[in-house]
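Two complexes come next, and they have one chain in common, chain A, joined by chain B in the first and chain C in the second.
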Partner chain A sequence: MNRLSQLALSDEGFVFDPQTGDSFQVSETGIAVLRALKEGRSDEDIAQQLVAHFDVALEEARRDCTDFRSQLKNFGLA
Partner chain B sequence: MKDLAIGVSGINAVDNPGPGIGVARSLKEDASLNARIIGLAYDAMEPGLYMDWVVDRSFIMPYPSGDGGAYFERLAYIRDQHGLDLLIPNLDAELPLYIKRAGELKDMGVGTFLPSMEQFKLRGKDKLIEVAERMDIKLPKTKVCTSLDQLIAAVDELGLPVMVKGSFYKAYAAYTSTQAVSHFHALVAEWGYPVIVQSIVVGEELNVIGLGDGEGGSLGLVGIKKISVTSLGKIWTGVTIKHRAMMEAANRFIRELKWRGPFELECIVKGDDVYLIEINPRFPAWVYFATGVGVNLPARLVRAALGVDQPPAPDYDAGKLFVRYSYELVTDMVKFQQAVTRGEVG
Partner chain C sequence: MSKRPYEKPVINKLRSGLMNKFGWSPAYARKVRTAIDGVSVDELCGQFGSPLFVYSERTARRTYRQMFNAFSTRYPNVVFGWSYKTNYLQAICALMHQEGAIAEVVSAMEYDKARLLGMPGEKIIFNGPHKPMAALEKAVSEGAVINVDNLDEIVDLETVAKKLNRTVHVGMRLNLDAGIYPQWSRFGFNLESGQALDAAKRIARGGRLKLNGLHCHIGTFIMDPQAYAREITKMVKFGYELREAFGFDMEFYDIGGGFPSKSRLKGVYLPPEVAIPGIDEFAEAITHAFSEALKPGDFPKLIIESGRALIDESGYLITSIVAAKRLADGTRAYVADGGVNLLFTAFWYKFNVELDREVGGINETSVIYGPLCMNIDAIDEGIQLPPLKRGTRLIFSPVGAYNNTQWLQFIEYRPNVVLVTEKGEVEIIREAEDITDITRRERLPKHLELKNGK
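After this line comes the complex of A and B, so read on.
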């Protein structure tokens, strides 16, 4: 089981890593991206979902997904 | 189960708390044990003497020094006057005496559940290299020094900064050679040789509390992260975690050393790499944290010591929060007077 799938994510955007005890706060968009990543969905799929639910262009949504994933990598979570 | 008189030391619930109150509270919360807690204190100011909802009767003890003659006479008195079925020593300085004379305690009808002297010595800071190998766990680069020349050579080889540690207690970070030498002299003066010099590993500080059955089996493990600590480095808030590599290392520690009794592993974790920093051969002061998440290790220790069958250790949830707090009690001066003049309270 990878680290990402183990993360506990509340509806308020509080994220808890049960391996290390670290906790994070993510925005409403972050919640949507994290939930989708935990489900194993592709970046393109997630970007499409962001466009459908938030006021954002597809290119920007793609960039946000890439940024978010690289931040997760920095934390050793992806 | 009949009324059990259980002696518990380390009832100094102060800013650098002993584990005794957490142990006693855990035992009280297991109603089926019917535990009567006998508190063993060294000073009339130890708060546990006055916490009569946790500690039923308390005694001032002589220090466990020398051959422990006076200490054991006091234990015999407590047993004769009030009964003493089991003892749970919770302070490092008591353990060598208890382990050495565990057979004598058994002859007195007083049970213990402690590691052997060989196991106790193995977890010493100067033996961690061997233990880490057996646990298949990393250890920060470590040098054991018995002279100033060796210390200087060790600092040269490891590179600054380093941790300079006493063989029993205390550890200081040294950022210059002068600091390392100064810490070395202070530690030798207080604790004698050897002094341990270690590279500093940067990562998450994670801990495990556990109980080994002495045959390689675990009677329970709980992993935690300290979220905040006091100026003395003692936990103030913490959270339960399940770090796979660290928990596996803790299980290997129990299995490889056939550890008997309570312990705490202090680790630094970097990703999946787990570095062993220290092994404490007793319950830590935050022992009640494990009880609070459903793993009552003191109660399980009592049953193991009495040879009572018990189910496998229960699991616990990651993400449970521990919050220590300050509180006060007001009582009659008579209790303090009893502690000072009679050496017993309750």
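After this line comes the complex of A and C, so read on.
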């Protein structure tokens, strides 16, 4: 999670990685998940949070959190 | 408190260049289609399942009339021969015949299909390199137009003529250099090398056959109207040589098919609307060259065997996403319930892909796989799509040409094919298969019958 805590997030959905100079575009829900991850929250917690705010079933939210983590891993961010 | 609409969490790295621009431009990639000819995609799948082939009768008839008019307003003696191999679903053939096309077949099976539909022999053009003796005899006695492909077939036709004790009129398939590469030289007799003239000599000498037409098909998805102009000019010149040398009068010139549809060949980056000449340009080039080459007062039949261009745009395949994956390299991948088993032309064409609903979120470069447990089964290996969830429908088009004939009975059942009629009603034109379609022709030897699984 250390790596994530260094990322700079903007409300418009841009993420800057000061370590590599890469920038990223993130969807609205992606920003929400990233923020939660930076706070060190658990996947289950984050899925619950998505369900609370967005029109999505828990099962789908859980699945998408897992997928989002693999996207981060892919970019070397987690 | 009302919840906000959900879109899946996605993170994309920003790169410079085209890829990203497309990724940012939802209008480019997010094409939505909720209905086909006014019938909702949801309703279609609800009633007939997914995957589902859907044909538009309206588009098919409109395309036919447009194409036929393009030629018939420029030359007074035009006949269309519907290329069965492009799509020999009965309903599609019948529709083409209702519009006025005769049948163009290339095998005994296709010949039987045309006859079964009620086409009389004289309204069938029989082409192709394989015409078994029995089929040839039947076709000759029923008055079909036969275009000879090779010397052995000339011998067979003479045998038939002798048996029926009459002179048989035949056309000759030519292959020639129209500036199209690769040149299709495996069908018919080569013009430039003198092979065709030799064959005509042989026919004249045999005394049982009479040449009354010339046929040629220079290839498929031809983008250059002038190629047809060169083709027909050479054909007519040869026709007059035949009259001169043997007294054979050409009643028809059959220039084959090959006109492009609005599909996108892999490797061609311009959108089809920009890259492909309209049918009027083809018709103009062809009829102009034809009239130039013909002697005054001669109006032989101009036969056109267009397949792809007549039907491709009328066909859609609706599929549903059954799973979303992420590949080891991070690429987003989807598994659809229809793949190359149904879309055989996916090997050459990149289809237009539409979603059945608006989907929010950032586009990602994605891969669409079909359902086969085979590595080859990929319908699109680089498409910009927003994150899609299971059940989202992908509508592929144009898929009306060559898919419902070349589809594979491989691993999966083949699905329903429906026609949306001009009145907006939906008719099944080919039922979905079940296990009996797969096993009906098989025989299990007695000693291989299993008892209690043994």
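Keep in mind that, in the parts below, the second predicted complex is superposed on the first by the 77 of 78 C-alpha atoms of A that agree within 3 Å, B and C clash if a C-alpha of one lies under 4 Å from a C-alpha of the other, contacts with A are read in each partner's own complex, and residues count from 1 in each chain.
Just so it is clear, a contact is a pair of C-beta atoms (placed from the backbone, for glycine too) under 8 Å apart; a residue touches a chain by one contact, two chains touch by 3 or more.
Small disclaimer: the values here were computed from a predicted structure and weren't measured.
Trainee: Have a look at chain B and chain C on chain A after the superposition and call it: clash or fit.
Mentor: Once both complexes are aligned on chain A, chain B and chain C fit side by side.
Trainee: Please indicate which partner A:F54 is in contact with in the superposed arrangement: first for chain B, second for chain C, both, or neither.
Mentor: second
Trainee: Name the contact category of A:E44: first (chain B only), second (chain C only), both, or neither.
Mentor: After superposition on chain A, A:E44 lies in contact with neither partner.
Trainee: Looking at chain A, does chain C or chain B touch more of its residues?
Mentor: If we count touched residues of chain A for both partners, the winner is C.
Trainee: Regarding the shared-chain residue A:G76, is it in contact with chain B (first), chain C (second), both, or neither?
Mentor: In the superposition, A:G76 contacts chain B only.
Trainee: Answer with first, second, both or neither: which of chain B and chain C does A:Q25 touch in the superposed model?
Mentor: Touch partner of A:Q25: chain C, not chain B.
Trainee: Which angle, to the nearest 10 degrees, do you get at the Cα centre of chain A between the Cα centres of chain B and chain C?
Mentor: If I round to tens, I get 90 degrees.
Trainee: With both complexes superposed on chain A, which partner does A:V15 reach: first (chain B), second (chain C), both or neither?
Mentor: In the superposition, A:V15 touches chain C alone.
Trainee: Considering only C-alpha atoms, give the closest distance between chain B and chain C in the superposition, rounded to the nearest Å.
Mentor: Nearest C-alpha atoms of the two chains are 8 Å apart.
Trainee: Following superposition on chain A, which residues of chain A contact chain B and also contact chain C?
Mentor: Residues common to the chain A contacts of chain C and of chain B are 22-23, listed in rising order.
Trainee: What does chain A use to touch chain C in their complex?
Mentor: 15, 22-30, 32-34, 50, 53-56, 60, 64-65, 67-68, 70-72, 74-75, 77
Trainee: Report the residues of chain B in contact with chain A in the complex, numbered from low to high.
Mentor: Counting only chain B, the residues touching chain A are 204, 206, 224-225, 227, 238-244, 269, 271, 318-319.
Trainee: Residues of chain C touching chain A in their complex?
Mentor: 3-14, 23-24, 324, 326, 329-330, 360-362, 387, 389
Trainee: Using the touch rule from the top, collect the residues of chain A that touch chain B in their complex.
Mentor: Listed in rising order, the residues of chain A that touch chain B are 8, 16, 18-23, 76.
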